[in-house]
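Next come two complexes, and both contain chain A; in the first it sits with chain B, in the second with chain C.
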Partner chain A sequence: MRKMGYLISINCVKLLITALLYTCVCSSSVEQKIYVELNQTVPCVRLLNATHQIGCQSSMSGDTGVLHVLETESDLDWILSSGPHPPYMVILETAFFNRSVMMRMKNSSRVSGVAVIISKTGLAHDFSPHTTCPNQNTGVYSERYGSDLANCNVTVWNPLGNGLSYEDFPFPVFALKDENQTQVIRKCYEDHNQRVNGSAPQYPLCAMQLFSHMHAATDTVTCMRRTDLQNRFGINPEVLCDPLSDFNVWTSSRALNISSKGHAVNESVVIAATRLDGRSFFWEQAPAAEGTVSGIITLLAAVHALYPVTQEAPPPRNIFFTFFQGEAFDYIGSSKMVYDMEKNDFVIDLNNVHSMLEIGQVGLRSGRSLWMHSDPVSRKNDDVNAEVLEMMTRMRSAAAGLNVSVAHPSFTQALPPSSLQRFLRAGLIPGLVLADHQTSFNNRYYESMYDDAENLQVTYPPDLSPDEQLVYETDAAKSLAEVATLVARSLYLQAGGENSSLSNITADPKIVAQLLYSFVIQKNNSWLRSLLPPEVTKKGVNSLLSSGPPQFYIGLGPRVHGPVHSVTRFVQYILANLTGTVTNLTENQCQDPSELSSENKDLFSYFWVSGPVSVNSSSEPLCVRASVRLSEAVSPAFELLEYGSRDYSTWTESRWKSIRARIFLVASRELEMLTLGVGVAVLLLSLLATYFISSKAELLFSSAHDTPTTAY
Partner chain B sequence: MNLERIPNEEKLSLCRRYYLGGFAFLPFLWLVNVLWFFREAFLKPTYTEQPQIKSYVKKSAVGLTVWVAVLTTWITIFQHFRAQWGEVGDYLSFTIPLGTA
Partner chain C sequence: MTVAVFFGCTFIAFGPAVALFVFTIARDPLRVIFLIAGAFFWLVSLLLSSLVWFITVQISNKNSATQQTGLLIFGVVLSVLLQETFRYGYYRLLKKANEGLLALSQEDTMPISIRQLAYVSGLGFGFMSGAFSVVNILSDSLGPGTVGIHGDSQHYFISSAFMTLAIILLHMFWGVVFFESCERQRWWALGAVVLSHLVVSCVTFVNPHYQGSLIPTYIILSVMAAWAYLCAGGSLRNLKLCLTCKDKDFLLANHRPR
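== the complex of A and B ==
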């Protein structure tokens, strides 16, 4: 009998454990039955500078609103005045994402958030959320320098700009990029929120909640002060915002010794510069094809074309190639490099600089000529003017044998927004900015999410595999290769090289095609993988090589984000591949070659890269030696602790706890109140019942026979 | 502590201790004094120590009202104007709310 009982209890225990495991594994909790989490969303975050805050902010516990899709003007009236269920969460169709609609919603109290559908259908002819005069306060033109040219008085560079990126919105704005997710939202809207014959829809309604609470407020000065106070006196030290920072990439045709800082003796340098970054309205989205990638590819291809010739027949002057990060945010990278040069904290200083050529936006040439922009104020100085005219002559002669023509704008006009302006702030430097536009930008989607491959007119024939697309030479690639050849030849002439070697300098369209594919279509391709270190190519959540084109937003730098920003890494390793030599060092020697006498860490950097994939699809890592360096791109305002500086960039990005979005059904207010009321009533009733029962306890619970108390 | 069981002299000395203690920037002692000894001072039949207890309770009530008025005014001003005071407001604050001015 005991054994039977034992067996039965064992079986009961087993049953219990199985039942528990079943419920745990199934985990169909109540929360999942209510909320649908939206994972593929991109927020708009808050950025601060010395005087203002821009971007979007939500409440700490998220902003909720009834969904409404804005497809027509009558929808806008419904949301702003006549709809009976405010506040609304607006799903904005692409065509309506413009300044007038957004400002009307900003001023209304009936909008609790906006989700913008990002797609090409219905896209306006132009859309630039940037300002009309980019970086107007931190350029070279001011009341003291070219006052008649300041603030885009003569030429408005970005006339299509609506300034949305620089507005401060009190509600969250998210971007919906994934078509399937947008479909889910639309279905919820159509099932519950659709208006039937013009009458209002009935509860329960589909609602969306957006969380993007930003910690920083007011401006950078306030935010940095509060961070300091928290760290010194507060019980809960928390950083509220971080400065935008990353690295510039530079290299030179003759290796420079980085252990010697300040003026370099007997070095006359021609700087060839371009920018590395872009931005858009949303966080970390910046395809920046025409705005940034065209310049990067041109300069990289020019480096590749120039390098063998500068080794065989070195020109008298050194050529210093540099890629500046953070130029969209008041010239972070170039102001830092100029600051370092002024403080003698860089390998060269401003007296070493002979002249400067900057590559602006050069992608939308469409067979027309390129324009050489110069600064009329500095050209009032005779020496500078003579050098600039010489530069233009050299450029014209370099363009002579090519399919490109160059011209100079015939009227007095300011320089377009460019890093050369920061160098001119520090001294009179003869320089030119090369661009495809004479007056305003040709780029209709400047600094927006739509400045992508299609804007740069990069199209591939159908039915090509990714590897075939990688090497296919599109028209855009060929056009950029011509520009690169022009730039390379002009730089060689500018550095004092001989005319006779010019014909050997030609940009390789295949390299340009590979660069174009990597920077605007897909960064995870076989060529780029072979150039990067082996650990990067391993798959992982934080891998540099996720799918799709790279995004060019500067980000917060290594202190917050881990390793160097992906685009900076790519440019660094591509430059190492194009200008470096393969050495036969082992991995340990490559990490630290200071012991080897044949290698010089002061002149070169050593990179351990994956190497090309051989026929049997394995790659042998190897060590590449190149004179490619990174230099810090943090605004000098943060080094000098002048957070309210008017001269330097003071841009910071706020921190946040969580950013997410979800949709669910909401009931009417009356139903909520009714539920609460019923609950309170049940509570009071149960209290009353308990009181009565306890006061009449002897009466209710006395047993029929009293237990006899036997008294002996 | 049940005041019923204490002799009257001890009640007086307790009331006096609470009254004097409130001057050390402790208005809650005055609040306790008023609430605890209100019944003793005003609602009980007269006994020898009662007039003194009554005066202590009245003076505590006056002090309490002054404190409440000052604190309410300061708290209202601070909550309303902290954002506009900028740097001064931040130095006066112990915890600063995230994300708002």
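== the complex of A and C ==
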């Protein structure tokens, strides 16, 4: 009986604890009556460099404002001057997201925040929030080098740029991408905030609160100084900002021994480069289809086309393929690689570099010719000029049998923003930048959220399943495949290969179609899943493979999914698949093959991948050996601790605690004051009444039978 | 809604209770102790009733709305009955304690009469009941938003504050009437207290038609106030005398033997 009683009391205790936990976990139901949390938030965050801060900031406890949808010019006047309920939270229709409107709101004190509706309806003909002259201070052109070409004096590369991404806004700016959420907000606005016959709407009004408080301020120098102070003296040090960093991906046609750094003896290298990243006004949104993906796909397809030929008939020079991360932010990846080469901290150094071919934006040529851009200042040197002319000749001859033509701009013009400029800062290197534009960009949505599949003219016929879309060869895929073939053949010729082997070098349009689908439509597809490691493809919070296209923003160091950014990983594993060989190592051997004599960790990397899905929908993981490597892409300014550096990128991203948004109704100030007044009145009245009653208590509560001496 | 509404609703809900505490209870430590003990008894009754409700909800069908509403009504009724049971239990405890207190104290007289105990325990019940009714609502009223985005009435906060005010005062009056009727073995009065408590609690199911719940509650409040005044030894005559500002000597002089 005692044991029974003991058991019952234990069960009661457990039930009590469960009851307590249950109440802690549930959110208050009153809160649910008041607020509607917006789950999909796309904020604009603060970035800092050596001298400025850009981006958006909210106050510590969020910014609240009465909703107003900006659809016409009169709405703008209402918000900025005539509306009776400032501050306003502006819901910006797509057509009004331009520089003039944003700057007018920036200078007004009646705007507490902006939420931009991102949709294709009403989208302007062009929209680029980037500057007109990208990376103008960290390229090669300055007062000392090509001063007449510096600062886009001759050619403005991005004339449609409005520079919004580089403005500093004192209020939060969020993007509304989810159509259902936008509908909820619109409904609240229509129910409560609509103007009836021109008169002001009545309280209660629909309002929105945006939280995006950024910890860093002023510039990188200040932020780093404060972080250092915290680390040295603080009990609980808090980092305020992090440098933008990630990894570059590189491979070579002949494997290079990474244990030997500095000048590689008897190695003459042709560098084939492109960029890996993009950006937009909002955080982690950068579809970068024409700006970045076109170059990545071209180079990957060229690697795939070259690989069998370079193994059978190796050319005299090595071909070094590299994908630079962080080029949108003052050339982070390329400046780091050049810095490592100068310090003899890389497998090759600048003396090994014979020439360089860079793939710029090549997606929008529309059947016209491609353009080879060169640097006129370095070409004043005869040797460099001769080599550049040779490169152009080789390229023309490679284009001979193809559906692509190449041309060189007829007038003296600077190089477009490219990693080649960083190499030219370090030494005279003959190089070309291949692009689809002669003067300014063909890309009307450069570095914006609208540079997506539609901008790259990637369209699929209707009624195709995802797997069919994956392998369907669109016109864009065929065009890029031709460019890739041109690039591959030119590189082979540049590396000293024979003309006779050229016809064997052709880019496979199917590979290009798969790459295009994975990079601009949907990254979660069967082909990409088979290339990646098994743990990455598992479903769950840490899965790399969420739905939709990948975003190309560089981000910060170690990420949730693993030590590298998802795009960097994709390119790494795709390269491993395209240039690697399958080995029959087990998983443990694949992680660490140092004990096996037949495998060489200095020459190759070993990747444990999921493998193709077989007929009965199971996949056998396997070990792939490839000479694909990652190299750190952190700006040298952070290694040298020169946070105010003018030569290197100093971009950092601020840290924050919480970024969220919610909508609710607000009551008028009069009603609130009335409530307070009533409360104070009730309190005073009750104090008076109680004092009165208690002082007259003997009189009020005296009855005959109530004598103090009676006990009960 | 903001700090103004927070303070406004706090003052409305707890104003009279705080005033009563400051002027009548705070000076006497014994009363404070009995107040807190009363609050604790109410808390235990709430704990028990919430335990029962929690278990029944877990074993019920969560998707059926009618079942959930039925369970809520059942929970409310059970809670009211348990509160009154605990009030009776507190009464018995106080009776026993009284004898002990008398034995302990040096004086011949009772340090605190049963009538005062009734008032203090009722107020204790009221404080704790009010706190649990309104504190989470008050904390949500601090934020910038007000109720209404899903179509609920805007007057949620202020109605809750007034309801809490009524409940606290009602608990006090019920305590007085309850103890008095237990003393005099008037069981019908006991039943009336329980019944009125049930009515007040169940009338809140009419919300969000706040007029439908507040008006009956305040009517019952005034009735109970009058009843408690009579039980506490007041009479209409005393009230008239007080209001016309006649003092104690006059009363003694005119005192008629019964």
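In this text, the second predicted complex is superposed on the first by the 650 of 712 C-alpha atoms of A that agree within 3 Å, B and C clash if a C-alpha of one lies under 4 Å from a C-alpha of the other, contacts with A are read in each partner's own complex, and residues count from 1 in each chain.
Note that in this section a contact is a pair of C-beta atoms (placed from the backbone, for glycine too) under 8 Å apart; a residue touches a chain by one contact, two chains touch by 3 or more.
The shown structure was predicted, so the numbers you read here are calculated from the model rather than taken from an experiment.
Enquirer: Classify the contacts of A:Val680 with the two partner chains as first (chain B alone), second (chain C alone), both, or neither.
Expert: In the superposed model, A:Val680 contacts chain C only, not chain B.
Enquirer: Between chain B and chain C, whom does A:Ser694 touch in the aligned arrangement: first, second, both, or neither?
Expert: second
Enquirer: For A:Ala207 in the superposed arrangement: first (chain B), second (chain C), both or neither?
Expert: Only chain C is touched by A:Ala207; chain B is not.
Enquirer: Compare chain B and chain C by how many residues of chain A each one touches, and report the one with more.
Expert: It is C that touches the greater number of chain A residues.
Enquirer: A:Leu47 contacts which: chain B (first), chain C (second), both, neither?
Expert: neither
Enquirer: For A:Gly234, using the defined touch cut-off, is the partner it touches chain B, chain C, both, or neither? Pick first, second, both or neither.
Expert: Only chain B; A:Gly234 stays clear of chain C.
Enquirer: Between chain B and chain C, whom does A:Leu256 touch in the aligned arrangement: first, second, both, or neither?
Expert: Neither chain B nor chain C is touched by A:Leu256.
Enquirer: If you stack the two complexes on chain A, which partner ends up touching A:Ser702: first (chain B), second (chain C), both, or neither?
Expert: It touches chain C, and chain B stays clear.
Enquirer: Across the two complexes, what residues of chain A are contacted by chain B and by chain C?
Expert: On chain A, the chain B and chain C contacts do not overlap at all.
Enquirer: Could you list, by residue number, the parts of chain A that touch chain C in their complex?
Expert: Of all residues in chain A, those touching chain C are 15-16, 19, 22, 28, 30-31, 33-36, 64, 188, 204, 206-207, 209, 662-667, 672-680, 682-683, 685-687, 689-691, 694, 696, 698-706, 708-709, 711-712.
Enquirer: Within the complex, which stretch of chain A touches chain B?
Expert: The touching residues are 57, 60, 213-218, 222, 225-226, 229-230, 234, 236, 240, 654.
Enquirer: Mind pulling up the chain B residues that touch chain A in the complex?
Expert: Spelled out, the residues of chain B in touch with chain A are 86-87, 90-91, 94-96, 98-101.
Enquirer: Would you pull the chain C residues touching chain A in the complex into a rising list?
Expert: 1-2, 4-5, 7-12, 15-16, 18-20, 22-24, 50-51, 54-55, 98, 102, 108-110, 113-115, 136-137, 139-140, 143-150, 152, 154, 156-158, 161, 165, 183, 229, 232-235, 238-239, 241-242, 247-248, 251, 255, 257-258
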